[in-house]
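Both complexes shown next keep chain A, but they swap its partner, so chain B is in the first and chain C is in the second.
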Partner chain A sequence: MKVTFPHMGNAWIVIQALFEALDVEVVVPPPSGKGTLNLGTKLAPESACLPLKINLGNYIEAAAKGADTIVITGGSGPCRFGFYGESERQILADAGYDFEVVILEPPGGSLWGLARRIRYLAGSRNSWARIVRAVRFAYEKSVVLDQVEDLIHQARPRFSDAAGAEKLYAIARQHLIESASYESLHRVPVRLAQNIRDSQGDANGSGGKEPLRIGIVGEIYTILEPFASLDVEQQLGALGAEVDRSIYLSGWVGQHIFRGLAQGYRPLRVYSRLAKPYLEHMVGGHGLETVGAAVSFARRGFDGILQLLPLGCMPEIVAAGILPRIQADFSIPIMTLTLDEHTGRAGLQTRLEAFVDLLERRKSGRLKRGSVLSVAGK
Partner chain B sequence: MLRENNYYLGVDVGSVSTNLVLLDEREQAAKTLYLRTMGRPMQTIQEGLRMLRSEFPQAHIAGVGTTGSARQLAATLLGADVVKNEITAHAVAASRLHPGVQTILEIGGQDSKIICLRDGVVVDFAMNTVCAAGTGSFLDQQAARLGIPIEEFGPTAVRAEHPVRIAGRCSVFAESDMIHKQQLGHSLPDILAGLCQAMVRNYLNNVGKNKEIISPILFQGGVAANPGIRRAFEQELGQEVIVPEHFAVMGALGAAYLAQEKLTSQGGSGAGSRFRGLQLAETTFQAGSFECSGCANRCEVVEIFQDGQILARWGDRCGKWSAENQAAAHCARAAEQTIRA
Partner chain C sequence: MRIGFPRAVHYYDYFPFWAGFFRSLNLELVTSPLTNRSIMESGLKKASDETCLPIKILAGHIQALKGVDALFLPRMVSTEEQTYLCPKLLGLPESILAAVPQGLPVLTVNFNRRLGNRRLLAELERFGASLGKKRAEVRQAFGQGGEWQERFERSRLQGLSFTQSMAEFDPVLRSSRRKAEAGPQNQFPARVRGPKPSAGEVPGDRVDGELTDREGSGREVDDREVIGREGSGPDVMSREAAGRTPGCSPEEKKEPPLKIALIGHSYLTQETYANLNLLGRLQSQARVRLVEEVETSRIAQGLQGQRKDLFWSHARKILGAGSFFSRGDEVDGIIYLSCFGCGTDSITQDLLARVARKEHKPYMVLTLDEHSGEAGLVTRLEAFLDMTERRVRRESDISAHG
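Showing the complex of A and B:
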């Protein structure tokens, strides 16, 4: 058995660590790219959401490296993701790929059913105690991963050279991959923070002024996968904005896989309370979290909010209909970006630049007439 | 201190047109050029420079700003002081000419946008995303199909007595609906006016969705030349729509204002403009591209050559190639100086 899984940003670091700790042979698909998407688009229905198309591409690229078993989480509720595992199994079978698909969810609410699936993956050589230890360590790794990403979000706008922050990011990710004990794991963000401080000497990107703060909300896959968001976080960083997100990986793992038993780096629980004046009910996916997080960012004094909406994502469409009210109530600019495989980088770049200009002019205060046109941005 | 022959150059390179504006020290547009890009942006920019040079042989360019979808290309070629997205550039020009403007409707060759300003600050904007119905290219196409010059499109539409209703959701279906209406025997002015109304409905439902449209309203971009569209906007909004004098080159004008502002804010004592000179019209630019095989991203990297020497590269996500740009530009400058000396 060679296990593979779909990519979602840096999640592969955590998933690989989990399977390796259990001595399960794992194939990490090559990073998602244009080729991946081309493979997926050929098989997927045209109207399927973008993540499904990229998933399929990941599997096919993993099959070329010998993978024969797919692991994916499931879900229930009005979001198509809950049905990804089964639809992907059927699409792949039709295309002649003989994959075993293991969906990690309690089938029909049966925890015993979930346990049987985990046992199938882990094989008989692993004791339950060992499985629990491996899962706990992988979870801790996801929390540290989120800390690393957050540090990078803060560092990007403060570097004069855009490539500088990316270099430190790559080093930190490598440390994360290599760390095999809690001790070495917890050293990763400490070392990254130190590296960032050390290079502040030549890092005067923001010219000493505080960078803009933009909150990113929206559908989880698009937020976490830079290939799907066309590197929106990196682009905003290069434009001099510090970003924060509504959802980080460990928060989603805690809520979605551990059913709220763990809270992760950025707990999602608070969002439903914050969303209440606007939306009282879950609408599937992370629609409720998008609304709640927008309120949270607005209250915390962020300069602007960006919603990432993969074309046709129902929960995010519901949220997009509510965001203008939050924009009016808190007088905070909110922009929605619709993304799919046809989205061009140039159009996105123009919108991001204009959005950053808009926020900078607002931040620099009501200037006297005439100086209103002071050159915004860099 | 005013200097004669001191100008700021604004260049807006879009999908359909390349616009150049020369702004004099009194902040007046001394010259505006509206040229068709025809898919050859570099040659079109050079042609514009040639025209400016022959008309203003003594001109001293004190600063350059570029905007439009090819703003980066134009900036590299010219040595621009300011590179700005077209949304900001349009807002800047509009609020300079009409300081109280609250809404800007802009329809260009292949994109359309709406910009909302309050107290002189941009507070909201939107740009067409998935659909180009109602933009200049489509109107161009329809005029050609009907065998009338685009300049007569608007004036003909304004003569309509009973505009017909045309399905404007999608440009392909709008076209079949128009053919149908022609075959029913409706007059040309009625059909054109109906098309204008359909375009305006489509614009307001897509780009203008959720936006507060308050007067004063400015209508700019190449399509503002069409009085039929302007009238359809006024009827639909029930408010006056102003078409500014330089409606077709507002982006370039905004870029020129931004360049002026940047260079004068440096107090004149600054490093001065990075403009590489009007004689650029006489050199040869070439573009090429290759797929970088450095990683899985497989970026398409664009290369710009001037007289066979590399001037700039971009399109890479990691910065491996574009990082060399400054060095390359420096080499090109050094080479130029050697040639001049």
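Showing the complex of A and C:
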């Protein structure tokens, strides 16, 4: 058995660590790219959502490296993701890829069924105690991963050359991959923060002025997977904006996999209360979280909000119908970016530049009213 | 108090429940008119570009409600214990607010059977209280709603048409049915006014280049015509007898009519305006079966073979009925009517395509959008029916000769 799984940003680091700790042979699919998407688009129904298309491409590329078993989480709706595993299995089978697909969910609500599936993957040589230990460590890794990403979000706009921050990011990721103990794990963000401080001594890109702050909300896959969003975070960073997002990996793991028993780096449960005046019921996916996070960013004085969604994403279309009211109530610009396989980098960049430009003009307008001195002082 | 119920989405599946509920509470529930061009256009203007056609039509119907004191938009979360409705319907009251006329109050209530009957009733009681109704009254209304709904569903299962089944609960349909029956229209096989494909047209010809939009083709569906056509009227003629295939020999005229399953969301299959009267067109050429006519047990039977249950109630029924039709010989072919932007259909139509392919059942997906043209629809429909017919004839030849 050679296990593979779909990519979602840096999640592979955590998943690989988990399987290796259990001595399960794992094939990490090659990083998602144009070729991946093309493979997936050919097999998937045209109206399927973007993540499913990229998932399929990941599996096919992993099959070329010998993978024969797919692990994916499941769900019981109401959004399409809950059916991805079964849908993908049928698509692959009809295309001649003979994968075993293990959906990590309690089938028909049966925890026993879930335990059997985990047992199937982990084999008989792993004790439950060992499985639990491995899961806890992997979870911790996801929390640290989120800290790393957050530090990079802050660092990007403050570097004079965009490549500098990316270099530190790559180093930190490498440290994260290598760390095998809690101690080395917790050193990763500390070292990254130190590295950022060191290089900022001589490179003060933002010229001392506070960068714009943009909150990213929306569908989890497009938020976490830079390939799907055409590196939107990196692009915004290069344009001088600091981003924060509604969802980080560990928050999703805590909610989706541990059913709220763990909260993750950025807990999701606050969002439903914040969303309440605008949306009173969950709508599947992260539609409710999108609305709640938009309120949260607006209240915290962010300069703008960016919603990311794959074309046709049902929960996010609901949220998109509600965001204009938040925009009006808090007087905060909100832009919605719909992504699919035809989205081009050039068009996206133009829109981002225009958005950042708008936010900058607004911000400087406010500054003029509020503190003439500081403007004059420069 | 007059409460408005838009004739869209939930109307097609759950209106009888709400009609019974409000009637029992002595509140007047009125619907918007049948969809027409101005409703469609105002819907397209008011709804978000990215959402699906049925939600856009809903936005139009909200505009079209006249003389009402409030708008009723229930949040239908689930109508069965195990399933959900689509995410867009879960977020309905809030996400459609931009289309609600200024100052029109919106009444909403969560309808969620997943929580069990007790909590559903408690939720309805709270809603009733906000309308000044006592708990006992609401409980009675809940009972009456349930009865009306059951009556409607039973009538559909018995094969009565949607209009026939719904007319009992919807005065608008009742009066249009009466008018239709009084008028001369229903004596003729129904046809929508407008250019007919020329007799010489080869099935399968690409006419994409000359797709006309609704207005261009002069399509103005007269409500009465539409209603009169459906279900009632003389029995279905075979395609040959109806003169659809010119030049066939007399013997062939005795061929029995094709049997076609039209499946998809009821708010598309029954939405005569938006689907360019697809159902009526089909019924004039074939015996048509619909999802709503398939019993639960057969749906369950159809779903056997799927490893994982679909969790949307509509999609489950569509896949179950579609698979059931794929396997048996109750129908000769299956048409899946979908619409642009439907997230649940993207999964369901693909699952069903695989079942149909395995069972060698002719299968076609028709995807509607607001620009769907009549010419394109007719061409695809004709081509599919011809293909299915050839298949049927070939198969009966084979069995007759061998």
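Definition applied: the second predicted complex is superposed on the first by the 365 of 378 C-alpha atoms of A that agree within 3 Å, B and C clash if a C-alpha of one lies under 4 Å from a C-alpha of the other, contacts with A are read in each partner's own complex, and residues count from 1 in each chain.
By definition in this document, a residue touches a chain if its C-beta (ideal position, glycine included) is under 8 Å from a C-beta of that chain, and two chains touch if they have at least 3 such contacts.
Since we're looking at a predicted model, the values are computed, not measured.
Within the superposed three-chain model, A:Asp68 lies out of touch with both chain B and chain C [touch as defined at top]. Judged by the touch definition given at the top, the superposed model places A:Pro324 against both chain B and chain C. Measured by the number of chain A residues touched, the leading partner among chain B and chain C is C.
By the document's definition of touching, of the two partners only chain C reaches A:Arg80; chain B does not. By the document's definition of touching, of the two partners only chain C reaches A:Ile91; chain B does not. When the two complexes are overlaid on their common chain A, residue A:Thr338 makes contact with chain B and with chain C alike. Once the two complexes are laid over each other on the shared chain, residue contacts for A:Asp357 go to chain B alone; chain C is not touched.
Taken together, the two complexes place residues 311, 324, 338 of chain A in contact with chain B and also with chain C. Of all the residues in chain B, the ones that touch chain A in their complex are 69, 82, 84-88, 92, 95-96, 99, 119-125, 127, 129-130, 210, 257-258, 261-262, 265, 295-298, 317-319, 323. Partner chain A is touched in their complex by these residues of chain C: 48, 50-51, 75, 77, 83-88, 90-91, 94-98, 110, 306-312, 340-347, 349-351, 354. Within the complex formed with chain B, the chain A residues making contact are 30-35, 162-163, 166, 231, 234, 311, 324, 333, 338, 342, 346-347, 349-351, 353-354, 357-358, 361-362, 366, 369, 372-377. Considering their complex, residues 45, 47-49, 74, 76-80, 82-83, 85-87, 89-91, 94, 103, 107-108, 278-285, 287, 311-315, 317-322, 324-325, 338 of chain A touch chain C.
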